[in-house]
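There are two complexes below, and they share chain A, which is joined by chain B in the first and by chain C in the second.
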Partner chain A sequence: MPLQSLDIVRRSATTQPPPGVRAAASPSVAKLIDTSKCIGCKACQVACMEWNDLRDGIGTNVGVYDNPPDLTDQSWTVMRFSEYENPSGNLEWLIRKDGCMHCQDPGCLKACPAPGAIVQYANGIVDFQEENCIGCGYCIAGCPFNIPRISRRDHKAYKCTLCSDRVAVGLEPACIKACPTGALVFGTKEDMIQHAAERVQDLKSRGFEQAALYDPQGVEGTHVMYVLHHGDQPELYSDLPKDPRISPTVRLWKGIAKPIGLALMGFAALTGFLHYVRVGPNETTERDEEAAAEARKRTEEQTKRPAPPETRPPGPGKQS
Partner chain B sequence: MTNHWVDIKNADVILCMGGNSAEAHPCGFKWVTEAKAHNKARLVVVDPRFTRTASVADVYAPIRSGSDIAFLGGLINYLLTHERIQQEYVRNYTDATFLVRDDFAFEQGLFSGYDAEKHGYDRSSWNYQIGADGYVKTDPTLAHPRCVYQLMKQHYARYTPEMVERVCGTPQAKFLQIAELIASTSTPIRSMTIMYALGWTQHSVGSQMIRAGAMVQLLLGNIGVAGGGMNALRGHSNIQGLTDLGLMSNLLTGYMTLPNESEQDYAKYVAKRTFKPLRPNQLSYWQNFDKFFVSFMKAWWGDAATAENHWGYEYLPKLDKSYDMLQTFELMAQGKMNGFICQGFNPIGAAPSKAKINAGLAKLKFLVVMDPLATETSEFWRNFGEHNDVDPKQIPTEVFRLPTQCFAEEDGSLVNSSRWLQWHWKGQNPPGEARTDLQIMGELYERIRTLYVAEGGAYPDPIVKLSWPYLNPRSPSAEELAREYSGKALKDLADPENPGHVTRKAGEQLAGFAELRNDGSTASGCWIYCGAWGPTGNLMTRRDNSDPTGLGETLDWAFAWPANRRIMYNRASCDPSGKPFNPDRKVIAWNGHAWTGADVPDYKVDENPSLGMGPFIMNAEGVARFFAKDNLVEGPFPVHYEPLETPLAANPFSPQQPLALNNPAARVFKDDRQAFGKADRFPHIGTTYRLTEHFHFWTKHCRLNSILQPEQFVEIGEALAGELGVKAGDRVKVESNRGYIKAVAVVTKRLKPLQVAGKTVHHVGIPIHWGFTGLAKPGYMANTLTPSVGDANSQTPEFKSFLVRVEKL
Partner chain C sequence: MSTQAGRIETTRVGERPRDRVIDGAIVRYTAGERITHWIVALAFILAALSGLAMFHRAVFWFSVFFGGGPWTRVLHPFIGLFMVLAFVLLALLVQSDNRMSAADWRWLRQWRDVLGNREERLPEVGRYNGGQKLLFFVQILCLVGLLVSGIIFWRPYFAIYFSIPVIRIAALVHAICAFVLIIAVIVHIYAGIWVRGSVRAMTRGLVSPGWAWKHHRAWFREVTNGTSPRPGAH
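The block that comes next holds the complex of A and B.
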């Protein structure tokens, strides 16, 4: 996407400033998922597979409607169904389209150590650029929504692109086009917030007092938002996090630890240099070499190392 | 649909009962969300299962499968006893005021005239009282004890909320909440639509369930108005077209019926179908029957249809009995059929009792399957292990598979539930050796005709004299057929009022069925489609969605039968003086000299309303019927009867009368009756249905659909699962008296045990989509389980309610 690169505002593991002349070219966009209109038909899943040329395996039924049962490198969006008996004894079947939330402050991008593997465009879309991905899985740890999946085929991370290729040429994402009930809508974030306000009002008139827009501020808002009947209990919707935040480890690493670490590295290098200049090089004696050889032999005899795993370990389990 | 998909947006209340439209019609369901979002509509779902439709409903109530008439009868009783009816509508536009014969009676679940041996009725007492003037007697005060209103009130008095709870298992509070919401549409400015599908048709009392729904709508004044109607949601993209074009065994096109064996006389055949008005100054449009019929015969037999030979009446078969699907497979099972052509039909999946169908197919000499896919029917002779455990050596049937195109590989028209004929264009050529259905039928006809010409035969005329005027007789084009079913003038047509003036030249396409004549000067293959390809061209290709009134009638989008009318009976949206009941949703109105408005008026356009012509112009009464007379086989008023396989020992409404346990007029073949199971061995209620991820047995051949729902499952409630020790994902066996299937268990809160007549009953949900061919995981045909019995009128099989037993594997 050579021209799209002009719209990049953030790039993983890069300190160079992004191109700036087109800063205001595209408005902030958002997909709004209205769970109160969604019938769980999975047309969005099909549209996603078709547009993106993805074909997940024909799996098995594990006792639920959800199929495929989880996100994969081939399934960038899935419907999650949960059955909830409300306090008045009535059943609710809460259906949520799951996929990348396109955080304004993306934890994946923050955590990513590979330069340019994760970017954010001026319109807010967070996109993986797999050619730069090293498959380390840090984006999984960095994501508060448990979205990215590492492919077993090429060991790279994949997730919803919000059809950045379609949006770049003025089209809506494929899932939006396929949705038959208007549960999925797409536009500027401002318009989507306004549309959501009308929907919340309608839901309140139907007895859902806590209806609300889900646009979590812990990640500075998202470019995929939900209208929820139970805005106060997002966890009812197949464990949608109530107050998602980037994991403290990632924040610590990219926030305080990284500069301190860099400073410490610099300090160590400087100390080493000064030591070399003032004391001279560190030299080993023959006795040191012998002792080291013996130690290595002992270790090899005691432990038989297991073969390295063929594939990388899967990402962390489903977050609760 | 009496109304259409887009019109649902005008509804104030939407009742989804006998259908799961979000699941089965997700694209049309957008109009439900539209009504909710922009018309403040409330969605009510009544279903044995908490469905995808229920997931977006405002109110959901559970109901025992097969007990819908008890629920709807309860609604009728509620509306009548609380006087929550649209009085002006009921008095003027229905038969409520009509008097019924004194010998008509109803007692202990049976109407007058029952013959237990014949499983049927002498229906002669089911009629109105006729006065000396030849018209029906009426009582405008509705006080007469023999008027339809009073009889109906009396009939449904027993359908109390207590009985609804007892029979349906629906909690009384839920029933009353729904009844009150529905009653709110009895005001002239609120409307309710009823959306139903196979959840009503696939019962042994399916037609009567639909009638009961229609009666509720008539009491509320919801027929003919925007946002109202009885809306049948069809299960295939063109199944509306199938019935319109008369592909039922007892129909000709446009809902004209074939003659019976006793109707050898043409004049009597026509007279019986030419309904004379039952009240003064009624249009009774079927009085034009012979114009439709003669034009139809001219389309089929051309010059061979003449006044002298009664337009070829001799060529038509005269039925000795119905040859519906169930009858066909009964004959096949009895070994009375040699060959079977299966065009776009997968009967071992689609017809009840797979074992019976398999046995029947094995008795054929030949089976021809025309289909784009390798269907299970075409592979019925092959062993697929447990899913089709047959011995090919024992099956002599020769099977021919003729690969056909699919819908996207041909031009043509599809008729949707809205009655819209929409033209479509081929997207690509069919693959391999596939041919279009038209090519196959064209070649078949040519060869059969040649044989008849060469060899004669018992009666070759109907075949050799058939009109076959296509440019390439071996491959008629969709355009040629469309022009033929729409219709044209065969001679110059003179204006009857001004004989010197020619209104239509010979060869010209006709603008509508009003131009049809009974003298052989017009031809139209299907009178209700007349005008679809009119003098200005193919109206089915129109794609102008302009909507000047905002009501969504879009008269320039495709062509809606009849006469491009979007809301049927729309005259009933106005009061007797011609003013719209709801000024905000003005469908049509009388402007002093003519009826005009957003839609094509369903009325004589220049008829002054003061003359008293009723809005239901197809009925001889001029009004809608609460009392169906002798039109349905089991009675003029819907009655609750149990499914043929029921968990109950007696009908709670008539416990003393064993003959009234099930539909007393159901046709059950001897072996099929013996294959029914009893509740002691099969305690659970099985019900089959479709999933949104799949379309019948086709999409398991598609990778994307198979990814979305890869493997056969059944749904059971948590309570039943607890009893059986089954967890979600375990495998279970579901068995009926006709066979068993094995599948993964989906354990859910969405199926709750119901308390029915003092018993706890559990439903088992059985999606139908799996089989032994295709890409999805192989599975059992769900119709292994279902009983071979149909609705007593339409013979649509009872797939929604039968007895099974679930076991953990």
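The block that comes next holds the complex of A and C.
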């Protein structure tokens, strides 16, 4: 893979740094999803299907607007609808476009055992390189947002690419293009944070005191961010995690346990070798063979001898 | 006490009951036991190599032995399952000789004498010593852990039935059990190299009387005076 021209800064299961002398000119990018502007029309879902040539099967109606009901290998973004009754007794329809958040510190990339199956570009996009994927599903365990899906067809992991192919040539992601309300915007992360600040201010002036930008620092920020009217309660939006971070279990398993485990295995083998050098083999000597032969002879004699009582030398106190 | 003690028996190859003295050598393992052991050993090596390939990037190249990354992922669980099944067979064959006794714990406490080749100071050992018995139980625990945790994140068949937090814990447990098992097997392999004559016991099935006398004296006595409780020894 031409890593240098792709401006790859991180690669799964790779200990050496990718080529990086060409300081990537590409700035950190972000998609901003303004939940307060989203009308749930799913144009973005359709655009995603179109651009990425994805066609999910026709599902069944599960009684909610979510369609399909969950992310799949063919549906990299899904609108999640939740009906929230606010304290004043009114219904709020909170719609969240779900999909990969493109964490700055991606749990999937940390967990992935296949070199180069997951990469992160200098602009922050986290991308799966399916040709390197082995289909183990560790990325699913590593992801704090429950995003990657493994295809039943080819057993490779798939998720939103943030249209890395489009962004690489200066286009915005397909979903952004299709959004009719301007709920989706794309640009440098800096610009998006600024834009979000304006939106938050606007929402606050309209009575959403807790409006906030969702750019969780537990994963060092994300390259897909939300403007939430209820910024203090992200869980309201179909269980958007309040403080997502890579699970401590995954950190242990994929962090410290890996090098220490491997080192200790090598150390065990080395200890054996050194023990051999120091103490030497535990050999059976001639003496052992003689002792064994002796012992066998003794048992043989003992058991062969009929041991009739009259042959015993009579003696006081002698008992058998 | 049996009267057939110490009799030297000669039988045709392939008909060697365990714990008999044949042509001046003692039969330690029957052909069936040896074959089962080596099947488990082979499966272990394959499972360990394929598993390690997915454990640390430094040894991802082990996957070349299995036909690349995806094949490693596909084969590993099947190899592991096969290893567990073969081990169950082996365990059934040897479990009756692997009950821990007070003397075994004493043997383990004297590990310094064990490692220093000062066997004369140790309590008399039966068919297996404390270390071998401990290894046996460690292996059982690890394999149970590996089997249960491995099934939980076995894709594409079983992982779909478990929640992500459960899968995370299973993956960690799997790694820990595999680590302990690999260390245990490294110790086991080294012990086999270090104690001369052990490899022959598991390849040919035979040990010299002196070997048995030195390392497993209680077993030696059982064998030579015919009190061995092994089936087929009477």
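The rule is short, and it goes like this: the second predicted complex is superposed on the first by the 265 of 320 C-alpha atoms of A that agree within 3 Å, B and C clash if a C-alpha of one lies under 4 Å from a C-alpha of the other, contacts with A are read in each partner's own complex, and residues count from 1 in each chain.
FYI, contacts are C-beta pairs under 8 Å (C-beta built on N, C-alpha and C of every residue); 3 or more make two chains touch, one makes a residue touch a chain.
None of these values were measured; they are calculated from a predicted model.
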First, second, both or neither for A:Val250, with chain B first and chain C second: second
Which superposed partner A:Ala292 touches (first chain B, second chain C, both, neither): second
Residue contacts with chain A in the superposition, chain B compared against chain C: C
Chain B versus chain C as contact partner of A:Val185, first or second or both or neither: neither
Contact footprint of chain C on chain A as seen in their complex: 13-15, 113-115, 132-138, 140-141, 146, 150, 152, 155, 247, 249-250, 252-253, 257-259, 261-262, 264-265, 268-269, 272, 275-276, 279-286, 288-293, 295-296, 299-300, 302-303
Complex contact set, residues of chain C against chain A: 1, 3, 5-6, 52-60, 63, 69-70, 72-73, 115-117, 119, 153, 155-156, 159, 164-165, 167-169, 171-172, 175-176, 179, 182-183, 186-187, 189-190, 193-197, 208-215, 220-221, 224-226
Parts of chain A lying in touch with chain B, wherever the complex brings them together: 36-43, 45-46, 49-50, 55-65, 67-68, 83, 85, 90-95, 180-183, 199, 202, 205-206
Residue ranges of chain B in contact with chain A within the complex: 22-23, 26-27, 29-30, 32-34, 36-37, 40, 50, 52-56, 58, 60, 692-693, 703-713, 727-730, 744-750, 775-777
